[in-house]
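Presented sequentially are two complexes of subunit A, the first with subunit B as partner and the second with subunit C.
Our next item is the complex of A and B:
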């Protein structure tokens, strides 16, 4: 297990800046997730760690030793590509064996290593088949087997779940976590899907347009996002964001957007004078529909849409002329469009952001360590 | 109603009638005619009389030392020549992709390699004939470099000389096919192999060559077919000589039928030669499939 560090990486493709001053430490044995939209620079970062690309600026270190210019062949790194890149003219067995053959391992040791990893990934029965004639999920497990069989210093996964259907994706998330524990493998996992990060990652690096938005544990990124981008990116459905202003009413600080008000005195401290436009964020899972007496903030509105996602419901409620809030209701919740409902949430669950997107205040929930 | 329908069905047949007619006149009838002629002894310059000899012509061809040695020469010329073209073309194609990164330079170099192929066979042959005379440019360069001049058209070397000229002109075809095959291999496989820690040799053996197998087999077949019917360069550069040193079956066949006018004998020879081609292609495909 080694610690991988990248420092101040810059990579351009023509005029497009793929990575802009990216630094991170990836601890040995950890599950490290690179999260970002398509084009954020995730693949470029993986390829630089793998040695398939050389950065224009910055360095890569394996256990403190600089490897920026060391070719991929000599880095002892494995990578699972988005399209799996299996050799179609070789059997599954030979595909998995290829890194071992490259290192001139003895035939019976090759066989044993492959048996072990194939058994774990439940692909023993496919070993004689051609990768052309197995399913997408099986192909992916073959690609993973090929990456893990040589016990690389670090295993890189480039969006391996995006090509798979929903059900297999669910299974694979659990498998990945188990696998990482079983093989005590350092894993770097690039994904556009925050659910992947939240279900598997120890650490998460959020990238946006080549720039690091946040590098922290995944829960810290969820509860204490560095900025509006991270806040809205992590979590599904995405956070509700309403633009408003801070006002002082009866010596209390109040966030206000036309008819909507939230008292935030204890949240903004001395900053209240400086901030005029402030964005208020509230996660859909923290908004409760109906009469809940305990809640400090209660608004009224009209249901504009109710969608059932899986076995949960997302209800869209118009609480002001231009403001529609999404509320996440566990289970199937039946409500008619046009119906008037009450929405409520805790003041402590509110996020506040400056106009430029920087976070002004985190929810209280995390402060108590709940 | 019925008439309209039947006319509709017949129309396609009417449409293919002209080419059908041409094929019958130019291909099928001469083939059948050649079978008929091959069972006869016939020299139209001596008499219009055709004497039936049964399979006599065929037996004579199979015992004809001149024909058999022409076949041997073709084996040397095609086997070695085409193999060299194929290997050379593949090596150059792989080197272009491996060592020239700039697409513009790569295309320029590729086009330069293709130029000889765009030249008419006869023009290339004529040009080389001038270059390889005893006091020609090539020998002048050799002498200038301190070597002794080479008798390019001497008995021992003439066939090899033609082979070299053919390699010069036609390596471009396998090169082009190999290049196209190489750049169609997904780059991801190479990256994957590099991460596996595979050496360049292993990558060549396990990815590149297996992937290029079918296109290369096709390139070999195309060049082999061309060399099988090869005539132009022999005709222009040596006219089969000195003696029979560069006499390939096609050239001997041409001589027999159209210089000596032993038409029946020539027809039998062309059938035997054709039959060998069919067997060769059949064996080749069996081999290409099994590899």
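Our next item is the complex of A and C:
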């Protein structure tokens, strides 16, 4: 069932276009992620759904009823702000009680509701404290408690993990998912971090400069990106992209960039020959170092950088004058800078993009209906 | 270590000298207010009244002095309230909404220029304005004039506090289900409380101590204590003890306000 739906939203701030024809349906009970760089329009979209902002064009529907002009206090929404926006002059208890008092709930029911939420979020012991004297992670849980306690139709989260340190962030991701299941709450979650989307979201809306890049499930966006932006944005480290050309050599279509060549077997329509400049994308996790495996594509290169990220290693290998590939190696992989290595990958893992960024081909195993 | 002690010594000495410099006139006023008028003119002056008397206070509180003080209270309270209430609303607007034609700073600076002129530059037209309206020498005219002169100050002080209040806190309140006015009462006013206290104190001081407006726009039917003070001259003799007594009484409300709000005033100067 679709709970909230926005259609053809346009919003400008002066000359800057914050949202450009954005449409989306958010299903009840789902975890919906808005993914995009800072300034992509995520916050604007949340604020329009919340009723804090009126779009210049387009409509907002709650359960099929138009609410575009209905102010925030009359919509059944909750929002967790990026800076948490707790009331500094009230106790934690009163902060969480605030939306319930607005709806004139009886005092003992308020107490019960808060107990329930506070217990789940493990902030029972903070209820009498001032939000000024608790930690960032605790503040955030208070803000979440305030959003969840009134069981809104839709809860909006504006980059709530950005202000937290790494360790708490990891923890909170799991918590969010549990919480959403527990409270069967529809959540819209804006974040610049693709890891957030991949670990929590059912649906993802990728925004770039106010335009929708892709609206699909997270895995669809990951495996079948609509364009180069989505392909490089989802996934860490980002996809390797090399600019080259398509040629026909011995009646075989080949992608070529100076000394590098990849035979392209997956045919996508007949128009491919017409494409001149084509970008080749290959995810770092598909690039294998060394010679152990039988791989169709093999290039040689020189290690320019090796960085350990968490408990994995990202090796940067120069395979051509202009081209440095990132390879993702699980575990700590020791390799000296300057060392010559072989890199290899399967032809079947290759993505191709048109010059304008549109996806031309993605690996055959992700084709629909095959 | 020795050097540091000397520095400390001179620091304290400096503060003591400054303290005497500031407090002596107040001490002398209090001292004079309890003297008989003959005692006041004695040479050399005595540092305590030779004959302690409440004569001067009795005189001041019996006649016009009491009326002048109560007029001053009415006008100062009224004008301070209006300036602070309107100032709160205006500073909210300046802080939150864009102004067309000007930048916000431009619009606000325009308002602030009102305070840059010496009041005397405006007073003649204002005098004629009230005279034409037949409102000269009324509480109303004085309250309105004082509010107008202090509104820019109130706006300027309060806007700083409004600016430091994050917008998201207000929006959180809307999302919680509260209306604009409920939000103003629940969130905005409590959070700018110290700013309000400081603004009240400063507006009060300016209005309470003001002389020229009081002298020109009032003075007959509605006489404020500042305008009444110069009237305490009897021919060749100036009744210093009565002037001192009225001054001591006039200090009291300001002292109460400053003592109550001093920590908020310090906050303004520290910003």
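Everything that follows uses one rule, which is that the second predicted complex is superposed on the first by the 357 of 370 C-alpha atoms of A that agree within 3 Å, B and C clash if a C-alpha of one lies under 4 Å from a C-alpha of the other, contacts with A are read in each partner's own complex, and residues count from 1 in each chain.
In this text, contacts are C-beta pairs under 8 Å (C-beta built on N, C-alpha and C of every residue); 3 or more make two chains touch, one makes a residue touch a chain.
These figures come from a predicted structure and were not determined experimentally.
Chemist: Sticking to the clash and touch definitions up top, decide whether subunit B and subunit C on subunit A clash or fit.
Modeler: clash
Chemist: Is A:251 touching anything from subunit B or subunit C once the two structures are fitted on A? First, second, both or neither.
Modeler: neither
Chemist: Quick check on the superposed pair: does A:78 touch subunit B, subunit C, both, or neither? Answer first, second, both or neither.
Modeler: Touch partners of A:78: subunit B and subunit C.
Chemist: First (subunit B), second (subunit C), both or neither: which does A:89 touch?
Modeler: both
Chemist: Touching A:50 in the superposition: subunit B (first), subunit C (second), both, neither?
Modeler: Once the two structures are laid over each other on A, A:50 reaches both partners.
Chemist: With the two complexes superposed on chain A, say which partner A:102 touches: subunit B (first), subunit C (second), both, or neither.
Modeler: Both subunit B and subunit C are touched by A:102.
Chemist: Both subunit B and subunit C contact which residues of subunit A?
Modeler: 50-52, 71-73, 77-79, 81, 83, 85, 87, 89, 98-99, 102-103, 146, 150
Chemist: Help me check something: in the complex, which residues belonging to subunit C touch subunit A?
Modeler: Subunit C residues touching subunit A: 166, 168-169, 171-179, 182, 186-187, 190-191.
Chemist: Quick check on the complex: what are the subunit A residues that touch subunit C?
Modeler: 50-52, 71-73, 77-79, 81-83, 85-89, 98-99, 102-103, 146, 150
Chemist: Show me the residue ranges of subunit B that touch subunit A in the complex, using the header's touch definition.
Modeler: For subunit B paired with subunit A, touching residues are 186, 188-189, 191-199, 202, 206-207, 210-211.
Chemist: Using the touch definition up top, name the residues of subunit A that touch subunit B in the complex.
Modeler: 50-52, 71-79, 81, 83, 85, 87, 89-90, 98-99, 101-103, 146, 150
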